[in-house]
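Okay, handing you the structure first.
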Amino acid sequence: MSATTSVTGSGGTAGRTLPLTEGSVVQRLLRGAVTPGGAVFILAAILFVAVVSANPSFGEPPQLIRFIGRTAPIAIAAMGQYYVIVSGEFDLSMGAVIATQVVIAGNYIGDDESRVLPALALMFAVGAVVGLVNGLGTTLLRVPSFIVTLGTMLALGGLVRFLTGGAATGNPVDTFREIGRGGIQDVPVLEVLPYPVIILVVIMVGGVWLMRSPFGRTIIATGDNPDAAGLAGAHVWWVKTRAFMLSSLSATVAGILLVGYAGVHPSVGAGYEFQAITAVVLGGVVLGGGRGWLLSAAAGAFALELLFSFLNFQEIESTWRPTVQGVIIILAVAAAGRAWSLGRRPTRTSPPAPPAAPPASPAPSPTTARSGTETGEI
Amino acid sequence: MAEPTEVVRRRRAARAKGAKRLDSTALIYLVLVGVIAASVVLTAVEGRNFFSQGNVWAILTAMSVLGLIAIGQTLVILVGSLDLSVPYVVSLATVIAAGGMKGLDGNIAAATFNTLALCAAIGLVMGLLVSLLHVHGFIASLGIGLVVSGYLGTNYQGSHGAAAPDLRLLGRSGIGGWIPTAFVILLVCAVLVTLLLRYTRLGHHVYAIGGNRDVARMSGVRTALPVVSAHVLCSVLAGLAALLLLSRTGVGSPTIGSQGRYDLLSIAAVVLGGTLLAGGKGSVVGTIGGVAIFAVLDNVMGVMQVNPFLKDFVRGLVIVLAVAVYARRSVVRRPPRFGASRPVLHVPSPTGPSTKGESA
Amino acid sequence: MSKSFFGNTVLDGLDLTLRAGEVHGLVGENGAGKSTLMKMLAGVYTPDSGTIVVGGEQVSFSHPVQAQRAGVSTVFQEFNLLLERTIAENIWLGREPRRFGRVGPVDTARMRRDTDELLAGLGVAGLKAGTLVRSLSVAEQQIVEIAKAVSFDAKVIQMDEPTAALADHEVELLYAIIRRLTDRGVAIVYVSHRLKEIFDLCQTITVLKDGQHVATRPAAELSEAELVRLMVGRPLTTYFPEKPADVSVGDVRLALSGVGNGYVDGVSLEVRAGEIVGIAGLQGSGRTELLETVFGVHPVARGSITLDGAPLKVGSPRQGVRARLAFITEDRKAKGLALNQSILDNALGVVRSVFPRRTTTARREMPGVLSGLDVAAASLGQEVQFLSGGNQQKVVLARWLSIDPLVVLMDEPTRGIDVGAKHRVYELMRELTRAGVAVLMVSSELPEVIGMSDRILVMRDGTLAGELSAGATEEAVLAMATGATSEEDAA
Amino acid sequence: TEDPTDSGSGTDDSSETSESPEASESPDEGGEQEWFDQAVYDEQFEQRSATFEGDPETPWLQYIDGEMTDTADYKSNKAGKACFANASISNPWRQTGWITMNQQLEALQEKGVISEMETRDAGDDDNTQIADIDYFISEGNCDAFIISPNSTAAMTDAVERACETGKPVVVFDRGVETDCATTFIHPIGGFAWGIDTAEFLIDNLEEGDKVVALRILPGVDVLEQRWAAAQKLFEENGIEAVDFFTGADPTEIKTFITDELNKGEVQGVWMDAGDGAVAAIEAFEDFGADLPVMTGEDEMSFLRKWEETGLNGLAPVYSNFQWRTPLLALEKIWAGEEVPKEWVLPQVPITEDERGDYLEANEGMPDGHYAKFGGEDLPGYPEVWQERQIP
């Protein structure tokens, strides 16, 4: 960075060094919490309290950890969908990918223990290829992703059922199903630590790391403004394609867990794409791209599942479930509406902020700081 | 002032030359003709006649319901929104209409009115969510669809009510055994909506808002009205489609809309018809073309007794490939100045501006 | 009048009086509040306090249309046209004429007729009412915008940097239009960063600074230096920084020979290390496309490019970046920045997507670079959409500095930014040359091209029309750009 | 989001309907539908123990004695063309049946009874199926129609139009609200299923015990009838039953059961279709609760899991072999033999004692296969079913 250094050095005008962030940790947390991406955590917490008060045994660690385990697939799918949505696209093919993986597990592994590893490799390969097709269709063929993935959903679903005669042969061996069904036994407090929980945590950690990596930031920047990202040297088509691949691979992992949890069945994965999109949107991620946090998407999935459990415990007829779900997502999104920018305005702006700042000294706005700008002149 | 405009004029003239291309509607109908041609051959291979009375009737019938819904969907997409609730609105409309008619002709008017009014109300709610609360159309309609589906699931178990005999008669009637009445209704609606889009302020504003909501607002367009109208019309057209379905099935069914997968198929048909998914550009004529492509495709696959699973595969493939054909074309590129399409017309050296900028 | 956003006062107790037939210049640095003031007059924002009086009547607007009905039309800084609609549809949007009174169908024929009349009334020929706006050039679009503003029978027309996207000669067209309007008794509020235009056009000038009213004076009483002093608060003697003595022009860095494709043809040029080469030309002469071609946006069909003597093959911007070319686009918002992301994320955008392994280093150094450029913000976590144009441009510059470029391609580097920020950009260009970087700059502001460049290349119709040395006059540049013969040159 | 279509496809045999035409739900005005019909309930109650005419070795040809249709007019010597308007093959039950039907077709083609069969698949859509039937009428050159209605009331008009052609019309599985069909083939019906299963649970549970009823989706007549009968019996016998709609999605099933177990003990599980039964059992295993007394279906997945866990269960049957009968009925019709107007096929649950036999007989079949598919004597057995070769 020699040029940079020399350039700035010789300018001799170096203004004050800007802080990386504004405010203390607590202030920032508070600011984060009022964004839709933060609010979903609060929503999930409220729902959790509601569920536990409706049924205290739900709050016991063993039950709780099982709940987390069973929510892992949808949370993982939601995180996969997040990559695509934040890059400005949609992935409607998730359900079909899950169904495909389930069928592969059932038909290819069967009772053959030795095929578990090759099957896993095959499933990930299939997931990657589907993501690749979605991504290339969207970026190179320039078909809107809504349409490409709708096409993949129909085509993949049809092809798999055509090739298998509509249904899988049967459940794969138990070793394979253990991934989604089993866990580490005899753990203190929890009794059992389900593998899906471990996988979920690993994927979350990996995802957070990914989103902080250059690639992750590039995904968001690309979702925000693809033209600018392209001119900044990002290969937009490949960035988006990788987002689609991450989505399909997440669906693959969800599929593997579901084979274990639920077993092989044609309706496993049905409607998962909309469930995942709902979770992502509930997590405050903006459709259209460029805004939102990965973990909020996962939190959205948990909030959704908690809501369903709450309805079960309240003995509300299960036919009303979609209605409640519909109302909730509309409310959440309406509330999120333009709340995103709230926490990120240049000045202190948590809504009830004191508008007291004297007009003469508007907080650290660009204008006040400008005085430094001209010092170099003359 | 003459001179600078001269330059402008020269550019205009130059550009017009290179830009002679097929417009997207023409392209869609070209694709349709191609699909029909292939179908004629394949149908003949099966020993059938594609243009036989029964086949034409079948295709036109298949177009009617999806067509009506797709027209509504076109409006909604043009205005920059999306409607995923149509299947549930359709289902709801059939049970309400059939419940209201109770199989009696005397109830037709009232039941039809109530049904369409209810659909309009649902569209209104969606439109208000989208326009006033700024909920993304995808979410608003998904949410409303879920709400309605919960209501249907809880309150209607199985088929409900009965269509009036006159309505059922309408379902079977047609012109000369070739053109079903349902298709005539579709055409009438298509013409009306096209007129609406071309010759009313509302229509102009629909395009404007879909093209750029802020620009429209700045220009004094009341953005809420067209958005709400588009959603209301879409739901009403879905209600109309439901009445057509009812005229064929004779009973209300709480799942008939989902059976037809009208949400995704109508969106696919609209996009297939050349309308931008992002809004602001497209036409009902194109949409009808898109619907026709689907109908012909389904028809020929039916005649060939294609495995039902494989049908979905083909549908998916066709959607992506067909849209790819014109999605690539509609990407705006500046017309190249040099090379093959370099404008031949070259106006002689332009005169400079009358007043030169003074040097500072 | 006052206006504050979220407790941040951007306009404070401002008075402004407009007289019929007057062109009133509104000047001030980026973020001074010019656009905000206009938007309040236009009914986009409602003032927190204060009143607006039009023709003796007190009015208050809560919507742009109310302002337009009251006779106040505005040509906004951002384009307000629908690309997929025709000129006529754009102009009459929101008040399409109808047949048979209030409920009839839209009278498309009349719309077209009225449009043609309107354009003719402005002295514009060659634009057809039925043309899609998408196919118009920037200048033509600007004309449509103005025609639209005029079509309201406006008493007051506000123009927010109407020439930002225009080349000098196209500005003439605008001048003519404005004169026609003032002859009709229309008052014009004219915002521009190009002081020359202000003096050319305006009878009265109002200066804003930090949301405060600084002065309103007749233009005749002001000199350019005086005006600048009012704007920045102190005199500004030399506008363009001197070419530093210690910069020696080195070997050829970037060389194009016979480069051509669909947009440009037969372009041969050289830029040496430590040299600033300016490219002038009319709007649409292909300057942007030339830079884009070098950077890899458009493929090179003919000819070759070399960098430091070695052939340069770039098929995409990414490869351009890899070859250490930097490209500052003319349209910051559309092509330069991810507006919802933070300053830091935007500044690191290039490194992250092309040299991910260098991210850590760049991230460590970036705060220093940004403050070195005097980016004014509360923190690096602030979203760039809330920065003023000048600061946004500095963020763009910072992102390219981070890759240590060999060649910097600048397209309208100072478009829409204020004098202070402009000056900083110029300084930076000089500093770059000192570090041996080759700078290729496109600008529509002739003083800028002339003042900054070591050599000036002029483009016309996609080809290089010729080369001029540093001291060339604006007339010479323009003559070459338009292809006009010398006797047509006004003295 | 739940998509009723999708879940429908996932389900098993949601297809049934035995509902005889007269018994069809009375179109009541608005409000909830009452699925319970005492007369039909009583009739099916009786039919469970009725004697079936014909050879018990070929149950697909058995029927309960009743009104017969005279088919002398249809007698013909040359092979005829059958036109089959199928509702869909979107669930394992229908797939299994469809395979069986095709093998039966092959056998009859060899015999020279049927020249060809043209099939149109409606993909679970009423509207499409109506169009399919109309297409057959005008373009199909059909010598006979076979219709597996997608829904009862909606298909009535179309079936009547088929009848008007004067060609034989065979309706099977779900019925329609007209008796114009030459024969209507179906197993006993939903109430019988409900009675069989509820009686089993009642016999094996104590009063006050809790049963979780897992249902697929609302509104399908026969599924509703199964539950209507079972619910009535549970109520009468003091069994506490809570019901859920699961869309046959095993994920949902597990969730519901886990939540129920979280609330308290569950002693029994009742299912309106066996699809997903395995998931229900696994939910108990995973929770560490005692396995329930439960009823599933004759789908192989349930039979296998049932044996493996040794739980106390019953596999009610919605006779899949009925898919053979329509073609065999055509054989009779074209031969001029009379056929029952309403052809009620036997519907006998598989008990624990018989389970072993069926498992053995169907070894190597996929999980989605149905034990009482009745195709053992057809060409292609067993590979075609094992490999699920769908034409």
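Each chain gets a letter, A, B, C and D, in the order it is written, and its residues are counted from 1.
Everything below uses one rule, namely that a contact is a pair of C-beta atoms (placed from the backbone, for glycine too) under 8 Å apart; a residue touches a chain by one contact, two chains touch by 3 or more.
Here is each chain with its UniProt name: A, B = Autoinducer 2 import system permease protein LsrD; C = Sugar ABC transporter ATP-binding protein.
In this text the structure is predicted, and so the values were computed from the model without any measurement.
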Chain pair with the most C-beta contacts: A-C
Distance between chain centroids, defined by C-alpha means - chain B, chain C (Å): 40
Length of the line joining the C-alpha centres of chain C and chain D, rounded to whole Å: 72
Euclidean distance of C-alpha centroids - chain A vs chain B, Å: 32
Residues of chain A whose C-beta touches two or more other chains: 162, 166, 274, 278, 319, 321-322, 325
Sequence positions of chain D contacting 2 or more other chains: 1-3, 89-90, 218, 245, 390
Chain-to-chain touches, reported pairwise for every pair that qualifies: A-B, A-C, A-D, B-C, B-D
Residues of chain B touching chain D in the complex: 48, 52-55, 57-58, 61-62, 65, 99, 102-103, 142, 145-146, 149, 153-162, 168, 172, 245, 248-251, 253-256, 258-261, 302, 305, 307-309, 311
Chain A contact footprint on chain B (complex, rising order): 129, 133-136, 138-140, 142-147, 149-151, 153-154, 264, 267-268, 271, 277-278, 307, 309-317, 319-320, 323-324, 327-328, 331
For the chain C and chain B complex, residues of the former touching the latter: 44, 63-65, 68, 76, 80-85, 89, 93-96, 98, 105-106, 108, 123-128, 131, 134-135, 137, 139-140, 143, 148, 168-173, 175-176, 196, 200, 224, 260-265, 282, 284, 286, 289, 301, 446-447, 461-462, 473-475, 478-479, 482-484, 488-490
Chain D - residues contacting chain A, complex: 1-3, 6-7, 9-11, 89-92, 95, 99, 218, 242, 244-245, 247-251, 253-256, 258-260, 262-263, 275-276, 278-279, 282, 286-287, 300-301, 304, 366-368, 387-390
Contacting residues of chain C [partner chain A, same complex]: 2, 4, 6-10, 12, 29, 31-32, 210-211, 232-238, 295, 297, 316-318, 320-322, 327, 329, 334-341, 343-346, 348-354, 356, 359, 361-362, 365, 367-383, 386-388, 390-391, 399, 401-402, 404-405, 420-421, 423-424, 427-428, 431-432, 434-437
